[in-house]
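Next come the structures, one after another.
Below are two complexes that have chain A in common, paired first with chain B and then with chain C.
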Partner chain A sequence: MSDQSKLTIGYRLLRRFNYETRSAALFILPVMSVLALVTVFPIFYSLYTSFFNLKLTRPHRVPFVWLDNYIKVLSDELFWESVQRTVSFTLMSVSAIAVIALLIALLLNETFRGRRVISTIVLIPWAIPTVANGLLWKWIYDSGYGALNGVLLQLGLIDKYTVWLGDADRTLPLIANAFVWKEVPLAAILILVTMKSIPADLYRAARVDGANAFQRFVHITLPSLKPGFMLVMIYETMMAIRHFDLFFLLTEGGPGEASHVVAWQIYVETFRNLSFGTGSAMSYILAIVTFALAYFIIKMLGRRV
Partner chain B sequence: MSNKSISKFARREFLKISTAASAIGAMGASGLASRAFAASGTVNFMAWSAAVDLVKSHVAEFEKSTGINVNYANAPWSNYRDNIVTKFVGGAPLDMMWVSDAWLPEFAEAGWIKPINSFDNLMKYNDEAEKFCTDSMTYKGQQYGLTYYTDFMGFMYDESQLKKAGISTPPSTWDEVTEQCLKIKAAGISDYPLMLALANESWLMNFIAAMVYSNNGRFTDEKGNSAMQSPTEGAVKALQWVVDAVNVHKIVSPACVETGELTGLKAFQSGNHVFALEPKYRMRPMNDPKQSKIAGQVKQALMPKGNGGDHNTVGWMRFHGMSAGAAANPEQAELTAKLIEWFGGRANGEYKFQKYLFTDVGAGFGVKPLFDDQDVKDAYNAYADVDMIKAQQGLALKSDVVTPWYGEWQETNASAWQTAILGRSTAQEAMDKSGTRWNDLKKEFS
Partner chain C sequence: MKTLIFNSDSEKYRSKPKLTVLTRKVGLFIASAILMIYVLGPVGWLLSSSFQTEAEIVSVPPHWIPHEPTLKNFKAIFFQEFEEVTYENRSRVDTSAGGYIPTTAKYLLPSMWNSFIISIAVVILNLLVGVPAAYAMAKIRFWGRQASIYTILTTRVIPDIALVVPFFLVIKNLGLLDSLSSLIITYLAVTIPFTVFILVGYFESLPDELDKAARVDGCSRFQALTKVFLPLSVPSLVAVILFTFLTSWNEFLLALMFTQTISSQTLPIIVAGFTSDFTISFSFINAAGVIAIIPPVILAIFFERYIVSGLTAGAVKG
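Moving on to the complex of A and B:
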């Protein structure tokens, strides 16, 4: 290409974008560069890393292994066990969040004295930082000095202090409980907002037709809440699948393998074993599954909205 | 001038100024960075955040005495290994650093730290160091540093509670531990007389190792292959004892799997237990009235022995190491060796740092002459029996699982051992799993 034609292309490009557009692009450029550096680049770099046997403790031997890391992860029994635990945790958490948030939204949708105070109280768990939330529940569940044992003992429900997080059968439900406590307020607000948008005419018409409160709830409220529910289901499912903080703070994956979920395994593989190759592969598998699940939920709920 | 042109001018000027400012900033930053790298007479020293004030004052004395600058930085122990590995990989300026014996093979194999054998001013201290410490700093025949501190797992007991139960002497075998615990439990003195902190943290290995070694067991054989799954090697016996203690005799709380070392210490200090496995340096807070309800009552006994075992325990140490970056430059290596000597050897003729570390925070030392220091003797005898400490330290063994794959292997252990302790698998199955993982990793790393 001649210099003349290069100049012509450059001139055409300049003509195509006016001064305002060019200035705007120039101003956005620094922020976009930073975003590209700290967000886009790591995403693609971790994909690249997932094709190498990259172990920080063996920095001089980093062979390209194609899809071996993915195959290794998918053929690991421990990984599938952690998938099972992740599914259990997600089902427990999301169903509890949906039900409790609906009940709270129904309560807050009514007009009664003290509604604002209750609304504020309901929001408190959401406002507490995640780490503080984790430490709070660690203290509550502690088998030696925890508040849960103290309360149950005073109520006469137990005769001596009980082991909570150290009991493998209880660990996952207890962590799910702490997660639900933190997540319910946001879910309740989302459902409440949807509830507020239901036209009052529908309820008036239903009353005229002789529908009782339960029938109005089943035939008007619930169907109208689908958009809000969809949002809650997608958001909370993604949060639960990827959740790590409480597992780290409360049990560190234990006791034994009782709370070994996928997010925890990714952390161990990447930051404890320093195996960035398999850690990245696991992260991509988790991301793909999360996206697929979100798509499935949208399809399932979305077509009925 | 119209508003539009003002606006255009302002934007152009702003762009010019901001671009120029960025360029100047970047140049300034790179200039500062290159000065930091190029500075002569500066040693970059990284440690975990322990005894920070003491380290700072010792660094200040060094700077005053030698004229060499020291860039001292620290990070919490909990993420120190990750922090320092990132620095090594990223090529951050680093000359001297604290290293755990557990990481030595990993760091040495990666080429991040270098031996100090060529520095006579450092090697001469081996004559006065505990052999166990020198062994722990040695990998493939090369020595990688000088001792920072050393300690071992001790068997502690509350003397007054023991007497209350009508027991005059502490147990000397693990069978006697069971018997005495059952007696104490029957007397209603403690629900769980023995405190074991077996949460998934780095201490877990040391607690189990102490029990394995006192059963005359080893985790690996002479060739470094797994021996832990062998019923005759003591590891299975030791884990079985813990499983029975929790599930059969109920003398150890099932909450042990969620109890970290620090939480366990607090529980013992509160008087909830009669016996405890704890690092020796915890004797001081245990007998400190400000920190402990049972102050003055805590004594140490030799680690109980298993059938065919001895009173062995596990010992560990931390040392001052030299980075590969420092070793690559002879001048920098000399400066670094001076700082290593100042901390790990004698400073102005004395083992100052190790002594202060002991007298200030109770951390154990790895150099024999300090046992003859009157200040040290007095400090020890204020809360412990110095003769017992010497005797148990003499029976401490270097961990036989310190390898480049140690960290990875430990992740499997914690799960496997805890699963057995919870009664969900047998001790034999747990050790089989640990042993298989060990051999797999050994193969992977060879």
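Moving on to the complex of A and C:
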């Protein structure tokens, strides 16, 4: 290598740390140090913990166990069952959210009197705390005095009150329904925003070519909504996979193990069995899977998010 | 349904456009009505049952509108007017049959105050660290810019539940369990990525010439930010403040793990505590739920425009 190229490399390095980079570094330093403290460090700490047999019930003996925690988690039948439940909960919720949000967006995209008021009211479920959401649906599904039983009885659809959350086959769909209700407003806004960005010329041209409303919807609206849908699907998939609150508030993983999802499994393993080693291993598996999934959806559905 | 058929009949012989206009109107009305029932139905039911007496709330089928509305539950929360269950009166008020107002009702207001303090602190810290970072990422072409944006967004992909275990160990080792600061610190991790995401999107949409002009006029980078960009970005700042506040106010999982006593418990924790106790009056639990819902809903309704525009700024170019 000649002296000339060494000089250029040195010069380039120096150029990289010019005034711009230095001031940028100063501006970014606070965020980076906060994130290093509250996210990056804990995540690596968790990786470290996942190699030890750490139990809070036995704090003074913490043996290093290599990958035993991972093996233990991955060979646990309950874990795989809970993975299955998380997958079906996620599929149910995300598809329902996409459909309902699309319908709401189509309505709010029209111009009519009262549209503004309605679009404000639609935000309400998004704003209310998950705890209140859980409480709300627990009360609606209540077997003795709940609104669901009341409505169905008055409509004559059932002849006696049903224990909704006690039925293992219905638990996941019912929790998904509560989840969807809260998540739909955000998804609808994101889709509506994308819908508004479709140029009106496209519709006019299609009309000239003789396309009816349905054809215009299928051939113009749906394809143009792809970026919006992609964002909604990525975001809602992330939210559904990690969702914990409603499982805690509505069923605590029950009845039996009907709503024992991965997030609930992590909670039970860590904070009820106080086994931090396997809990960390599970958290790590979940984090990596979520990550891979986000990457996969982005690759599958399109260019950049 | 009847009016629909009648109307379309009478319009039959008129010009076609009028008919289409009418069908469109009816269609929109029906769709809006369904949407409103879907959104407001559950909330309305909660609100209605919070004003009912215990006798009324257990009626079958339920009373959709309270026949004898009462403020008893709200009085218990705000003025501590409740009957304590003691050895003497426990036979009169049978707690096992449900229907009593717990003495923990007095914790609702202090926990609300905790939630408020935490949320405000998280908002302020977010702005302090988030605004300069977002400005640098949007307007300064420096080495490692893309990488730093991706790093920050990536941290948000990690599920909260996966962070809980390491958070817990870190907080425990720092001796911060059951303190407001533990929640403030962890909520920062949850909110900062979103703050940066929204603000970078917004700053990028402002023309680069603004930045250049400020610099030519002798502003330092810091001055360009505070004197030129901040005044222009009030809408997205409002959005960031709202998002951060609501996220902190509503957060449940981390608060559940890190708080033990009323000195640090937030509103969601106290409310959740009621729901798992079957002896507590249903109408009282619902009143507590209403109290938890009111502040965020008011904020959302009042600042709807900012929320939507904030989301738009980040999402559309996304």
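Please note the rule applied: the second predicted complex is superposed on the first by the 267 of 305 C-alpha atoms of A that agree within 3 Å, B and C clash if a C-alpha of one lies under 4 Å from a C-alpha of the other, contacts with A are read in each partner's own complex, and residues count from 1 in each chain.
Quick note on the criterion: contacts are C-beta pairs under 8 Å (C-beta built on N, C-alpha and C of every residue); 3 or more make two chains touch, one makes a residue touch a chain.
Predicted, not measured: the structure shown is a model, and the values here were computed from it.
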{"item": "Contacts of A:167 with chain B and chain C, given as first, second, both or neither", "value": "first"}
{"item": "First (chain B), second (chain C), both or neither touched by A:260", "value": "first"}
{"item": "Partner chain in contact with A:268 - chain B first, chain C second, else both or neither", "value": "first"}
{"item": "Touched partner set for A:144, first chain B, second chain C, both or neither", "value": "both"}
{"item": "Chain B versus chain C as contact partner of A:222, first or second or both or neither", "value": "neither"}
{"item": "Contacts of A:91 with chain B and chain C, given as first, second, both or neither", "value": "neither"}
{"item": "Comparing the two partners chain B and chain C, which touches a greater set of residues in chain A", "value": "C"}
{"item": "Chain B versus chain C as contact partner of A:23, first or second or both or neither", "value": "both"}
{"item": "Partner chain(s) touched by A:213 [first = chain B, second = chain C, both, neither]", "value": "neither"}
{"item": "Contacts on chain A seen with chain B and repeated with chain C across the two complexes", "value": "23, 26, 144, 271"}
{"item": "Contact footprint of chain B on chain A as seen in their complex", "value": "19, 23, 26, 56-60, 143-144, 160, 163, 165-168, 251-257, 260, 268, 271-275"}
{"item": "Chain B to chain A touching residues, read off their complex", "value": "8, 11, 15, 82, 85, 89, 106, 109-111, 191, 199-201, 253-259, 263, 267, 272, 404, 407-408, 411, 414-416, 418-419, 421-422, 424, 445"}
{"item": "Touching residues on chain A, where the partner in the complex is chain C", "value": "16-17, 20-21, 23-28, 30-32, 34-35, 37-43, 45-46, 49, 103-104, 107, 110, 112, 114, 118-132, 134-140, 142, 144-147, 149-150, 153-154, 161, 181, 185-186, 189-190, 193-194, 197, 227-228, 231, 238, 241-242, 244-245, 248-249, 263, 266-267, 270-271, 276, 279-280, 283-284, 286-287, 290-291, 294, 305"}
{"item": "Touch list for chain C against partner chain A, complex", "value": "25, 28, 31-32, 35-36, 38-40, 42-43, 45-46, 49, 57-62, 125, 128-130, 132-133, 135-137, 140-145, 148, 151-152, 154-155, 157-170, 185-186, 188-189, 192, 196, 220-222, 225, 246, 249-250, 252-253, 256-257, 267-269, 271-272, 275, 282, 285-286, 288-289, 292-293, 296-297, 299-301, 304, 307-308, 311-312, 315-316, 318"}
